[in-house]
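Order of writing sets the labels: A, B and C. Residues in every chain begin at 1.
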Amino acid sequence: MTLVDVKGVTKRFGGLTAVSDVDLTVNAGEVHCLIGPNGAGKSTLFKLIVGLYPPTKGSIFFDSIDITEERPFARVQRGMSIKMQAPSVFKELPVRQNIQIALQARFSGAERDVEEERLLTLLDLASESGKLAGALSHGQQQWLEIGMALALQPQLLLLDEPTAGMSPEETFKTGELIKSFNAEGMTVLVVEHDMAFVRQIAQRVTVLHLGKIFARGSLETIIQDEKVAEIYLGKTHAH
Amino acid sequence: MSAELFSVFYQFADVFAFLILSAAGLAIVFGMMGVINMAHGEFIMCGAYVTVGLVKLGVPLALAQGLAAVTAGLIGVAVEYLIVRRLYKRPLDSLLATWGLSLIVTQSMLLIVGSSITGIGTPEGSFAIGGYTFSTYRLVLFACAVAVLIGLYITFMKTRFGVIARATMQNAAMAKALGARTGRIYAISFGIGAGLAGLCGALYAPTMTLIRWAQRLWWKVSSPSWSAAPMSCSAPRRPP
Amino acid sequence: MFKLLDGPQTLGRGRTFWSCFLAVLAAALIYPVFADSYDVGNFSYFLIWVFMALGLCLMWGYGGMLSFGQTFFFGISGYAYGVLAINMGGGTATIAALVLSVIIAMIAAGILGYFMIWGGISGIFFGIVTLSATLVLAFFLGQTAGPEWHIGTARLNGFNGMKGMDPLTIGDFYIEGSALYYVMVALIVIVYIALRMLVNSRIGNVIVATRENPQRAEMLGYDVRKYQLLTFVIGSGLAGLSGALYTSWGQFITPSSIGLPAAAMPIVWVAFSGRSDLTATLVGSFLLLFGFQTITVYSQQAALVLMGTLLLATVMLAPQGFVLGVGKLVVDRWTRRRRGDANSAVAETGRLQSDEA
């Protein structure tokens, strides 16, 4: 079943066409990676799906409902959950309250308390729960934000470069976390350019290049695609 | 016909001159530094008071006006150095700080100088077109406003200072990295803004017979003191 | 219920704090027995303004929206009370006039807030727009001196202000003196407790989240505009409550309680007190009002100079507020001492246990 359906979406900023006539489908239950070199339009496409930009042309469906005109909060209420590229936790609030703010939309009472403890433990933040979120390390802030996205118990988890600024160990742990949630039925769409991380988690991959879809398919086919290696690593490498 | 046409132009010129002279300084400070200077009206009044004071001491009007603008500018540099400089990262706080400053200066002046001083009279000179008489000084004000605009254009578009200032406006951190002394640029810009406010006050001082601090040009809303009334009847009066 | 009173958004928690709270309340309740009626009347006068300060604290400290329009809504409601009380003919109708004028202020806040918030105005421009509205209202009312400016039988009277309305009345009983004082104290306790519960509730969570990072809050599925509007309407409505009480207290209102420098006063109180905490705002505003009135008796200008100095000093030296800073220091000392005691107690029991073993 198709969960996200992007149909013929174009986004222009003045004279620059950042995303041009892109079709993208994400099936329910998969981990889908959106990759491409810098400037390929990944982040723009991500923001279009999230609702931060209105598309110049085309439409976006979620669960067969047209959400093209909806604001981000309405999309989140439909079952999306979003983690943007730069960590943007509530810096002046304690870690625990960050989690609570995310949780209170779905849970209440004792159930919320249980879920709160579970998430803090899961994220290795239990001992830091009284600290201000702004005082956490960069990697921990990324984790906290992923935790806040998970707290909404979404159908679809959208992550924009979730491992930016993380150490290799943290990156690996994040990958395992994403896989464990996928195993429970959550659909995940990840924008990423760290290929090692993509190999770890991806089931299907879409490659974006110069604002257009360049290739798509299962992880194996994309990895073996020479043209993809070419745009990623430059022509000299291909020969 | 031509007299009526000129009359329309004259009225336009009058409004235009006041708007340019009173707002140019504010616009520079906001445009350059993102600081809304709530004490702008105080700089205007500073220019007016200094002009009136100097003229009463016997200084020629034009010289007094120039000195008044310079005085306001120098005070502006001092204010930038002591207060505004520390608040560039907190634009709301810079607004509040200048508001506090405005309260202090306004009320101190009311306390020390009183609510108004007598003016110095508008320079003589008028001319007639058709059946209408016009004041020459108003046209001088218009010429000054145009001169200020041209002067600002040249300063910011044609000089080395202007290039650096605009670079600082676009990206202060980058300009600093390229060797611009952004601190000094800000101080000078703030000084120019304050100086222009002072100039506005200086130029308009002769047009007022009574210069009242409480009726500041800038807000145009006279604000008699707050809460003077409540204390005059501290216990509720019984209705008749 | 207790969780909401003692939640994470408010400083001052636990038994010690609430004991102090009750002690202060008790002192406030027996105060009129010992003071003369003039002082009680003055005290009520300070209390009038506290609502406005608490409203600004909610909007600015918790919601991150610095409104310069507290006196705008103060004025709307104050004039509305006058117009209503005069036209409805006094008596018990004044109570209805009070309630209606606060509602009118809240509707005005709803309209202004809707256009600002849905129009994407935030930060410094939020302040500029609200300040402009305030100055326009003050200017407008200032030029309504002529007899053609009247609503029903109520003359607006320009700068001389509107007068002749009844104070709050029930039947034949004028609520004034000690009775008014007790009404004020009761209202403040209700508003303070209600605001504490609001900011510690789920709604309060979203309000502070919006202050910290509106985009992130929206990404958690909250329509932040609605929460901002709610905050603005409540905060401005409290300014309206101050306005209506003010008019009924002195039986007059003038445009000077709307324009500059009146508009600066709530900002000085809240900034000096510590905008991020309701209790600090309550205490600080009261102290400042007390000080202000004491000095005003000698010189109004000197009092305003002091307010300006306090605002400048707060911004430069203690952006979080002086009262809050001192309060935190005291709490810190207190808990550290308590913790020190507790630690030695633990050590004590540890020693006893090892003795037994």
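What we mean here is this: a contact is a pair of C-beta atoms (placed from the backbone, for glycine too) under 8 Å apart; a residue touches a chain by one contact, two chains touch by 3 or more.
Computed from a prediction, not measured in an experiment: that's the story for all the values here.
Pairs A-C and B-C differ in how many C-beta pairs touch across them, and the larger number is found at B-C. In terms of the distance between Cα centroids, subunit B is separated most widely from A.
Of all chains shown, C has the CA centroid lying nearest to the centroid of every protein CA atom. Put simply, the C-alpha centre of subunit A and that of subunit B have 52 angstrom between them. Mean C-alpha positions place subunit A and subunit C at a centre distance of 43 Å.
Between subunit B and subunit C, the centres computed from C-alpha atoms are 34 Å apart.
Within the complex formed with subunit B, the subunit C residues making contact are 37-38, 41-42, 45, 66, 90, 123-124, 127-128, 135, 138-139, 142, 159, 161, 166-167, 174, 176-177, 180, 246, 249-252, 254, 256-257, 259-262, 264-265, 267-268, 271, 292-293, 296-297, 299-302, 304-305, 307-313, 315-316, 319. The residues of subunit A lying in touch with subunit C in their complex are 50, 52, 71-74, 76-77, 82, 84, 88-94, 97, 100-102, 104-105, 148, 152.
Those residues of subunit C lying in contact with subunit A across their complex are 8, 202, 205-206, 208-209, 212-213, 215-224. Contacts from subunit B toward subunit C in the complex involve residues 34, 36, 83, 86-87, 90-93, 95-97, 99-108, 110-111, 219-231, 233-239.
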